[in-house]
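Encoded as structure tokens, the structure appears first; notes follow it.
Order of writing sets the chain letters: A, B, C and D. Residues in each chain are counted from 1.
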Amino acid sequence: MPAIDAVTLILAIPAVAAAVLALLPGYRLSAQLNVLASFLTLVAALSLFVAKPEPGPYLLVDDLNIVFIALNAFVGFTTSVFSASYIAHELETGRLTPVYLRFYHAMYQVMMFGMNLALVANNIGLMWVAIELATLTTVLMVGIYRTHEALEAAWKYFILGSVGIALALFGTILVYMAARPVVGEGLDGMVWTILMAHVAGFDPALLNVAFVFLLLGYGTKVGLAPLHAWLPDAHAEGPTPISAVLSGLLLNVALYAVLRFKLLLAANPGAIAPGPLMVVLGLTSLVFAGFMLYRRRDIKRMFAYSSIEHMGIITFAFGMGGPLANFAGLLHMMMHSLTKSAIFFTVGHIAQVKGTQKIADIRGLTVTHPLLGWGLVLGVVAIAGMPPLGIFMSEFLVVSSTFAREPLLAIPLVLGLLIAFGALMLRIHGLAFGEPTGSTAPVKASYLPMAAHLSLVLMAGFYLPPPLVAWFQHVARLLG
Amino acid sequence: MAVIANLAIQFVQMLLVLLLAPLLTGFVRKVKAHLLRRQGPPLLQPYRDLLRLMRKEVVLAENASWLFRVIPYLILAATWVAAALVPTFATGLIFSWSADLIAIVALLGSARFFLALAGMDVGTSFGGIGSSREVMIATLAEPAMIMIVFTLALIAGSTQLSTVAGLMLSSGVGLRVSLGLALIALILVALAENARIPVDNPATHLELTMVHEAMVLEYSGRHLAVIELAASLKLLLYMSLIACLFVPWGLAPHGAGPVAQFGGAVAYIAKLAIGGFLLAVFETSIAKMRVFRVPDFLGAALMLGLLGTLLLFVSRSL
Amino acid sequence: MPVVVELWCVAALLAIAVVAAVGARMPLIRRGIYGASLAVTTVAFAAALALPADDSHITLPLGLPWIGAHFRLDALAAFFLAVINLGGAAASLYGIGYGQHEHEPQRVLPFFPAFLAGMNLVIVADDAFTFLLSWEFMSLASWALVMAHHREPDNARAGYVYILMASVGTFALLLAFGLLAGPDGNYAFSAMRAQTPPPLFAGIILGLVLLGAGSKAGLVPLHVWLPLAHPAAPSHVSALMSGVMTKVAIYGFIRIVFDLLGPTSWWWGVPVLAVGGGTATLGVLYALMQNDLKRVLAYSTIENIGLIFVGLGLALAFKGNDMPAAGALALTAALFHVFNHALFKSALFFGAGAVLTATGERQMERLGGLIHRMPVTSVAFLVACAAISALPPLNGFASEWLAFQAILLSPQLPQWGLKLLVPAVGALLALAAALAAACFVRAFGIVFLGRPRTPAAEQAVEVDRWSLVAMGILAVLCIIVGILPGLVIDGLAPVVTALVGDRMPAQLGVPWLTTVPIVESRSSYNGLLVFLFTAASASLAAFAIHRLASQALRRAPAWDCGFPDPSPVTQYTAASFAQPIRRVFGSYVFQAREHVDMPPPGDMRPASLAVKLRDPAWEFIYTPIKTAVSVAADRLNLLQFLTIRSYLSLVFFALVLLLLVLALWP
Amino acid sequence: MHGLTFDVAHMFAGGLVLVSFMMLYQDRLYALLNVFALQAFVLSLSVAWQALVQDAPHLYVTAAIALILKAIVIPVALHRIVARLGIHREVETVVGVGLTMLAGIALVALSMVVMLRVTGEADPLAREDLAFALSVILLGLLMMVTRRNAVSQIVGFMSLENGLILAATGAKGMPLVVEISVAFSVLIALIVIGIFLFRIRERFDTVDVGALDRARGERL
């Protein structure tokens, strides 16, 4: 069955590549291999669109995760291209030594394996292990620079991540406990397709407690407001390719897990509606991150807070529910990961050229490095939600449908969006325009990934391919 | 045939207005002189001044541009057209349909606009003083004038001057509070617009006090003659406006025969004489205000106009 | 199908933008861009005028997936397209000449056609998503243009305030469309017209649209970005932003309130009238206080927008009391002023651009005497100043005359609120008109007349042919429209009938082309006759005097009251010219205070006079908001520097709280 | 037979909660490590008992891991680290011991109330077991929150993980239990050996978590 191979291929390639890369000493060859492996994974993921395989006991491909698998592979590939040139520059400047880099590419592929596994896992326990694996590898990568701040960020990420994962595990156990009387013991109690079929019979109170733990557990990975503490430091101190993957993919994978369980709850009539819970978390993260953007001095930490803000918007959209808001949430997840990783590509090169991540020291980019400068401006304009780029469409749907159904909720939403917009534009004026400072040396940057992402987002601003729309609408109805 | 007759009457009005203007100014100076127990210049002195100025050479400032030499003719044209539209001895003349009260106020506004520009063209501080004060006075006088026009238009139902005058003739109007307010406001605005005593002293050249004179300081020869004629035309216009709106008796109705129109002309000249006399008496009985008291003076006119309009908005009969 | 032609023009403009972005370095491309956008805008202008009777619409598979992008060209859209593309064509023509002096063309060229495309797209958009997409795209393009001269420090602030206010406006419109579309989200305008929102919602929508469209147009409390952004952009772009973009905002207001909001209730007119009147007066008072020429023009845009909104408010009040004839008059007055303002404001900004190119100066205090060195620009600028000050034979007076006639019709309105509000607004309008005349006497007098105050003004030289032609065309148009207002009024008839249900009496039939607002007997004004009458009497007088009086003429130094060598500095400056008005009006509105620093005798320090103005809008609305946000940001910023333990306690409290909620859930 | 198995399992779970309380009470590091070893031992007994009851042989592996790794190896390793690093023995608690105990009691009450809402048809053992597991987890979290020292935080985390293992083993027939406990022990091992010995000491003189926090990226 060729289809099954596609799914197993998506998992096999990163695993094999990780093993091979762990053995290779040289940096140049392993970078090429890393790019090749990511490309092959992308091809395998795209082949899924052709033939969607039947869900097996451990692996599952359905409307919800098919798009995110492709997105995961695509961003993974473009980040590997970017990471090749980024790490080459880091080696030249001596910020990283080959010894530290020994496991970098292996870890990268292990992380891709973890994320792909989390997306295709049909078993909630397997998904938990996959997300745990991905988090562990990113913890190690964040600490790779071995500076004070990097270690402190890694340690904080590790502790908060572990606590989050523990809570998520308890939630998974509770789901299994709820499923056991209806589905029977053993493996069936943790398989999505079976759970979805019988969820109506589960005990609603147990499901509620489970959802609370799952939301808080995986919510820590999504970086929602009270649980966000690890995210800004992990982004700012880790190497930029990791920030791009963290912001672009890992947050999405964690939110995908929360969505899976929201699907479960939506199908059980007795359980309390998870909506208000997610709406409250979403709004707090949106408004909180909006205000935090103003006082940031480090450029990557600022965009980390912007990720928290956007995750808040997405959670709010799913919290609101209804076909329009859910569609907008799914679209926003895709657009945010493309845009944010593009921004981190540009920020990576800018930080390298200017030698600093302090916003105050970087000025007049559009003068010294026009391509990077205008790329950053386009990225920030996209992330701020201005048309004609993709995020405007999802914000348009969320705000207008919210105001029509719950006018009072729309006020904090719009306020949060405006505050964040104000902060972002305030910073971009300083960064991109004005008298240039810092070195004007030309940078041999790889513009391909950034251009690919931004053109996709620009295209999505006014045209969405019909199959994608069909999948998202189907899932939006399912999400309730 | 009728059209030519009407055109003829219209030209008679235009000539009448042009000729009477210097006479009116001379008459007012004569009456003021007698009130001050002075002999005063002869009645026809303004005509002699105009002719003298016509013959003298024009001394132009080095910095004056082409605009400086064109403006006097623009001002005369605007004022003359406005004066020709105001019914003097008969209403409903052929040109009166082309513009109404608002257009007349606007024509006077454009005359003032160009006069202020002329003042600034030469580039000395005198022109600047005159223009900036004239413009400040205008910012209060024009809205007051528009409010008066609103009051009259609301009573008469139209802004067409001959319709308003015709309605004033008919007994239907009767005594109204708003009309009284409009009359006082119109008198205040007329004093301000024509640079008469309380606002500006027409006879003085004292830098600190002059407004109108400062703007025309640089004019000489034939340009000054045209400006002087325009100024007296403006005074005549305001007199005939007050006369035709508030003292309409004797005005020949639309299409009346030459006899009625001649009667109207006589009545018109009598009204001018009375008006000139009253103006002279008023000017000798009051001293010139400080420049920054003028806004309160004109502010009162604006408030009266607004009150009149408000009353009419509230009820038709007030 | 003119809507297809329009869409092709928009596509062409976007293509030009892409070409400009790619090839901004090559001089050939640089010159061609403005020429190409001139051609496309003239085609669009022609297409808008040649509108067939029925309105044409088309749906493309873009935009929201399940609705698609709707585009429609009806009478209202055609009129505004004509205004926009006329302004766009003039700006492109002017740009050909003015663009040569741009030292960083690659920052202006790509965004200019994109800006034009955005504006055209807003007009033809027929569903909420496309409308807002093109609305924001227009703001984005104009923001990039405002940031063209990004090296000047306060341009960055202008750009920031502009884009922030633009996004506030967009969110307001977005919320309004959310209410109009209802929970199940039918965003197409046709669907919105089908359902009429309940009166409370209609009121909220009106408020939101006033906030959204008003902030883009520049209604007073929301105007703060306009005098910062418009002068910061290159002159031909400021002409577009002032003359044309504000009209797009007005189109947005009319489209939503008159067309989509269903049956009008009378009290809609009250807020619009009040805001319009306030905007008109405050706008021109602000203008009188400024010394920067382009800021004066930007503030005067706010005044004219106030006039237009008064017209719209009156039209709403009449339509609410189902008096279609009076409503038609008020709406025609407003739309006529939209057309006029696009003409003379663009001409004025072109003039300001020409002065800026010739002298490199925007401060009026450092100009003067340019009439001798830039004769053609000064004539065009004079005609535009006369037009904007509503002097009779020109177009400014025609639209103002209609507005006053509309006010005179309003005693028939039954409601007491309107009975008291309309005369007050009428007085504000008259005051604004007089102040506008004062403002433009000051602007023209200080800049063009008198003696040059600085060497830069002394060596000024006339600008190139293209700019002069652009200014000339607009000035001539002002005169023609002033003389024959009937043409424009009849042109507006289909638009007014579509929106208010009735139209003004046909003007062409009336003898001598007199403009008749309602009924023949009521009152009439004939632009042509007044112009001929004045011209005839002026030439008659000039001819007579030329023949009879002496021709002698002698040049001599001006009378300086015996002062030895009067330097140009002794002339009146912009600030001293406005001093009387500042004392009369400014001391209340802006708390204007003059601080005189007179050194004691013997001290050689120069004396100085400083005028301190306090802008009420900034002081009472925007500074408090700014401090509130920064205080909140400081307070929350502490959360970034906590220990891991306190972060863990955050997670712990969240968990306990949620469990408590679960425990207590009913 | 049913009654006895229920009572014994119930006893073990209760014992685990009791030991967690004892851990909250300790303010000496060495005592804390010993009490943790006790808790691990009780856990291994409970898991062994569950293995016996559910006759699920794989649970014995988990019991063995719990016994060997967590009861013996890790406490000894921590013991030696505390000795070698010479970190001061006194455990600074953020909040007074009395207040922590009160909070602990409130948390146990909360988990009881939350779990009681679960309807009866799930067999009572599962419901009781979950209530105890939830209390151990909350107490472990409370432990992490109220301690300044990195070592005591890790002990808190490990006691939280014990609660998880208790819940997992309580759920009859739950797959992957062994895999999960292995994953967790790898996690803990990573912490104890990799992070502590190799990196933290190399950079900071004290493992007081407070010192870590001062080296902040964006210090004002």
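In this text, contacts are C-beta pairs under 8 Å (C-beta built on N, C-alpha and C of every residue); 3 or more make two chains touch, one makes a residue touch a chain.
Remember, predicted model here, so these are calculated numbers, not experimental data.
**Q** Chains in contact with chain C and with chain D: which ones?
**A** A
**Q** Write out the two chains that share the greatest number of C-beta pairs in contact.
**A** Highest contact count among chain pairs: B-C.
**Q** Measuring from the mean C-alpha position of chain B to the mean C-alpha position of chain C, what distance in angstrom results?
**A** Result: the chain centres lie 36 Å from each other.
**Q** Roughly how many whole angstrom separate the Cα centroids of chain A and chain D?
**A** Chain centres of chain A and chain D, defined by C-alpha means, are spaced 31 Å apart.
**Q** Just give me the whole-number Å value for how far the CA centre of chain A lies from that of chain B.
**A** 79
**Q** List the centre-to-centre spacing of chain B and chain D in whole Å, with centres computed as mean CA coordinates.
**A** The mean C-alpha positions of chain B and chain D differ by 100 Å.
**Q** Please list all residues of chain B that touch 2 or more other chains.
**A** If we look for residues of chain B contacting two or more partner chains, we find none.
**Q** Multi-chain contacts in chain D: which residues touch at least two other chains?
**A** In chain D, residues 114, 117, 141, 144, 153, 212-213, 216, 218 touch at least two other chains, as defined above.
**Q** Send over the residues of chain C in touch with two or more other chains.
**A** Residues 640, 642, 644, 648, 651, 655, 659, 662 of chain C each touch two or more of the other chains.
**Q** On the basis of the stated criterion, which chains touch which? Give every pair.
**A** After working through each pair, the chains in contact turn out to be A-C, A-D, B-C, C-D.
**Q** Can you tell me which positions in chain A touch chain C when the two form their complex?
**A** Those residues of chain A that touch chain C are 155-156, 159-160, 163-164, 167, 208-209, 212-213, 215-216, 220, 226-227, 229-230, 232, 272, 277, 288, 291-292, 294-295, 322, 324, 366, 381, 384, 386-388, 392-393, 396-397, 399-405, 407, 410, 414, 417-419, 421-422, 425-426, 429-430, 433-435, 461-464, 466, 469, 473.
**Q** Which of the residues in chain C end up touching chain B in this complex?
**A** Residues 368-369, 371-372, 382, 386, 389-392, 397, 401, 404-405, 407-408, 410-411, 419-420, 422-424, 426-427, 430-431, 433-435, 437-438, 441-442, 444-446, 449-451, 512, 514, 521-526, 529-530, 533-535, 537-538, 541-542, 545, 548-550, 552-561, 566, 568, 570-572, 576-581, 583-585.
**Q** Could you please specify the touching residues of chain C with respect to chain A in the complex?
**A** Contact set of chain C toward chain A: 61-66, 69, 107, 128-129, 132-134, 136-137, 140, 147, 150-151, 153, 156, 159-160, 163-164, 167-168, 171, 174-175, 177-179, 181-185, 187, 629-630, 632-634, 636-637, 639-640, 642, 644, 647-648, 650-651, 653-655, 658-659, 662, 665.
**Q** Give the list of chain B residues in touch with chain C in this complex.
**A** Chain B reaches chain C through residues 14, 54-67, 73-74, 76-78, 80-81, 84, 95, 97-100, 102-103, 106-107, 109-110, 113, 116-117, 120-129, 131-133, 135-136, 138-143, 146-147, 150, 153-154, 157-160, 163, 207, 217-218, 221-222, 225-226, 291-292, 295, 302, 305-306, 309-310, 312-314, 316.
**Q** In the complex, go through chain D and note every residue touching chain A.
**A** Per the touch definition, chain D meets chain A at residues 114-115, 117-119, 121-122, 126, 130, 133-134, 137, 141, 144, 153, 157, 160-161, 163-164, 167-168, 171-176, 179-180, 183, 187, 190-191, 195, 199-200, 203, 212-213, 215-218.
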